[in-house]
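Each structure below appears as C-alpha cells.
You will see subunit A twice below: alongside subunit B first, and alongside subunit C after that.
Presenting the complex of A and B:
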C-alpha cells in the first residue's frame, strides 16, 4: 500500500522519454535500452504528471474523465506510479 | 600493417592498421564482403595493436558470451570488451580501436565494434538496425524482432528446414525506400551462424514480434506495442539520449507503413503456412 502524500508530484526521469501513440503511452528507458507501454489511462496519468499535477489532482482528473470512483482511481494510480518509480521511468519531484 | 574494406547494405567500412594475423582473421570471416577496389569508404576504423594486455578487460578461461560495454557522450561513443577499447566519433563517423588481441579472440572484439559502427552508420542513413531474425522466400522479406530467448535462432533453424533464405538471426537493417521499406542483411550471426555473404535488399513484407504457443498464429497489436517492440530491439541507438527521439519517430513511421504483428509458434515448420497465407496478398503489409 502506497503512502504517498496527496500533494506529491512526479516527473519523467531524465533518463527516460515518454510519448503518446494512439492513446497509449511509451516510455523509453535509455539506461536499460528498454521500453514500457502504458494503456490509455496510464498515458493520461503521465500527461498529468508532466503538467505538474499532484497525486490528488491526478486522481481528480481521472474521476472527471473516466467513470470510476475516487478510491479505485487512487489505488490504481498509486499502483501504476509505484511500477513506474521502480522501473526508473518517473521520479518524485 | 594492412587495410581491408568491407561493404554491405550500401555502406563501405575500411579497417586500417591490421597486423597480418588480425587481417587473416577478418579476411577469413568476411571474405565474401571484402571490397576489391580502393574506393573511398563511408567509415574509417583505425586499429592500434599493443600486445600488452594491461588496461584491457581480461579474457576469461574457456568460451564465453558477453556484451560489449557501450557508453554515450555528446561527441563520441565509447566501447569496451574483452581485449579492446574503442572510441567512435559521431561526426564524421569514424572509430579508433585499441586492442591487445591478435589471435582468434580478435575476431570477437572486431565484430563487437563493427556492430556498433555499422548500427550508427546505417542509422545515419535513415535505417533502423534491429536485433532480429530475418529470412526471405526469394521475393518477400520477413523480419522478427525480439531479444535473446525470444526464439529468433529457433525460427531461423525451422526456416532453413523449409529452404527459406536466412539473412541473419542476430542483426538486420530496415531501410526506407520509395515510401516503403527494404530489409537488408547484416553480416553478424548469433547461434545460427555461417559465413556472411552478400544479399540483395528484399521488400519488407512481414514485421513481427515472437511468442511461443502450441499452434501457429499471427495476431495484431497496438501501435504503441509495435513501436515499443521495435525501439526495444534497436541496440546502441535506444540507449543513446541524442538519438532515441529520432529512433522512436522512425519506429512509428515504420509501424504506420508495415504494422507489427506477433507470430506465436511452436518448434515446428507449421508457422510458414500461416505466414505465407497472412502475407500472400501484395497489400498485406497495409492491413492489420
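Presenting the complex of A and C:
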C-alpha cells in the first residue's frame, strides 16, 4: 500500500505517450518499447493527473463520477499509480 | 483488453489511430526505385496548416504519427512540425534516408522531437550495393556513421530494406550488418510500382532464387535468436491476426496518409484521394467523405474475396493499395500476391512493437 501524501501530484513521464481511445487509455512507453492499456477508470485517473490534480482531488473526482466510497477509491487509485510508477508511465511532479 | 483488441476495435469502429504525413517529395538521394510520384503538383501545406492539422488529429485522439517524405528532414519546417507534434503527445516515427541525421541534427531529433523510432533505409550490406541504389557515392558510409551516432544518443533505430536483384546475394550480410549496428529491421521482399503506376521499378525485383534465399536466411535467423510463435500454418497465424474484424486492413478505418499537397489518402499505398486539407478540415473528411466510406467497404470486400481462396488467400499478404497501383482495381490479385499464395512454409510471427 502506497503512503503518498494527499497533495502529491504526478505527470505522464516525458518519454511516455498517453491517449484516451473510447473508454480506455493507451500508454506507449517509448524507452521500453511497450504498450500499456488501462480501463475507463484508469483513463479517467490519468486525465486527472494531466490536469495537475493532486491525489486527493483525483480520489474526490472518482467518488463523484463513479458510485464508489472514498476509501475504496483511494486504495484502488494508489494501487494503479504504484503500477504506473513502476512501469515508468508516470512520475511524481 | 489487449492492445491488439484496441486496434481491431479501431478498424471496426473507424477510429483514427495512425497518420502518416508525407512532408515533401524533395530528397537528397536519388534512389532508382523511389515510389514517390514526382510529377505530382499542387499547393503545399503551410506551416500553419500543419499546426492546425496536428491540433485536429490530437483532438481526434490519434496516437501514432509518422513523418516521412521524400526525405522529411528536407522540409524547411521539419523541426517546427515535429516539435509541435511532440507537444501534442503523439508517438512519433521518422522515416528518413538517414543521410542528414548527423551530430547536431541527430541531437536535435533526440532532444526536441523525442521520437519513438527513427526508421532508416538500408539498401544493401555494402557501399557498392547501397550507393548503386541511392546514386550518391559515399551514402552508405555516411548512413552507417549516422546510425552509430543515433544509437549513441539513445535513439531507437530500425532499418528498412527492400529485397532486390541487387542485394539478394548479400542477404546474410545484411542481417550481420543489422546485428553489428544493433538495430531492429524489416525487409520488404516486394519491389513496388511507383505511385503513378509506373512499373519500371520492377526491373530490379528479386529473382525467385533470391526470394528463396531470403526465406531460408529468415528462417535460420528465427531459429537462432528471434523470439517466435510457431503457428501450425501461415494461415493459422494470419487468422489469429484477423479474428474479430470483418476488414482486410485498417486503410481508411484506423489510418490515413497526407501528401505534401494536402491530399488525404486511405493509406500510403492506396493513392486515392478522399479529401483535401486546402478545402476541408481532416475531422470533416474523416466523418463525411463518401470516398472514405467506399474504401472501408472495399477492405471488407477484399477480406471476403481472399477468404474464398482459403488458406492461400490468408498468406498472400495482399494489399488493396498495391492492387490499385498495379491495375486500378483494389480487388485484383497482382503478381507478388499471387506468387505468395503458392509459397508454403511454417509461419513465424516475430514479437515486436516496431
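Everything that follows uses one rule, which is that the second predicted complex is superposed on the first by the 93 of 93 C-alpha atoms of A that agree within 3 Å, B and C clash if a C-alpha of one lies under 4 Å from a C-alpha of the other, contacts with A are read in each partner's own complex, and residues count from 1 in each chain.
One rule holds in what follows: a contact is a pair of C-beta atoms (placed from the backbone, for glycine too) under 8 Å apart; a residue touches a chain by one contact, two chains touch by 3 or more.
Remember, predicted model here, so these are calculated numbers, not experimental data.
> Where does A:44 make contact in the superposed view: on subunit B (first), on subunit C (second), on both, or on neither?
It touches nothing on subunit B or subunit C.
> Name the contact category of A:10: first (subunit B only), second (subunit C only), both, or neither.
Neither subunit B nor subunit C is touched by A:10.
> So, does A:35 touch the first partner subunit B, the second partner subunit C, both, or neither?
both
> Answer with first, second, both or neither: which of subunit B and subunit C does A:26 touch in the superposed model?
In the superposition, A:26 contacts both subunit B and subunit C.
> Once the two structures are fitted together, what part of subunit A is touched by subunit B and by subunit C alike?
Residues 15, 17, 19, 21-22, 24, 26, 28, 30, 33-35, 37, which sit in both footprints.
> Residue numbers of subunit B touching subunit A in their complex, please.
Counting only subunit B, the residues touching subunit A are 222-225, 227-229, 231-232, 235, 238-241, 244-245, 247-248, 252.
> Enumerate the contact residues on subunit A facing subunit B in the complex.
Touch residues, subunit A against subunit B: 15, 17, 19, 21-22, 24-26, 28, 30-37.
> What residues on subunit A touch subunit C, complex-wise?
Of all residues in subunit A, those touching subunit C are 12, 14-15, 17-22, 24, 26, 28, 30, 33-35, 37, 39.
> Spell out the part of subunit C that touches subunit A in their complex, as residue ranges.
1-3, 6, 9-10, 13, 15, 17, 61-63, 89-91, 114, 116, 156, 352-354
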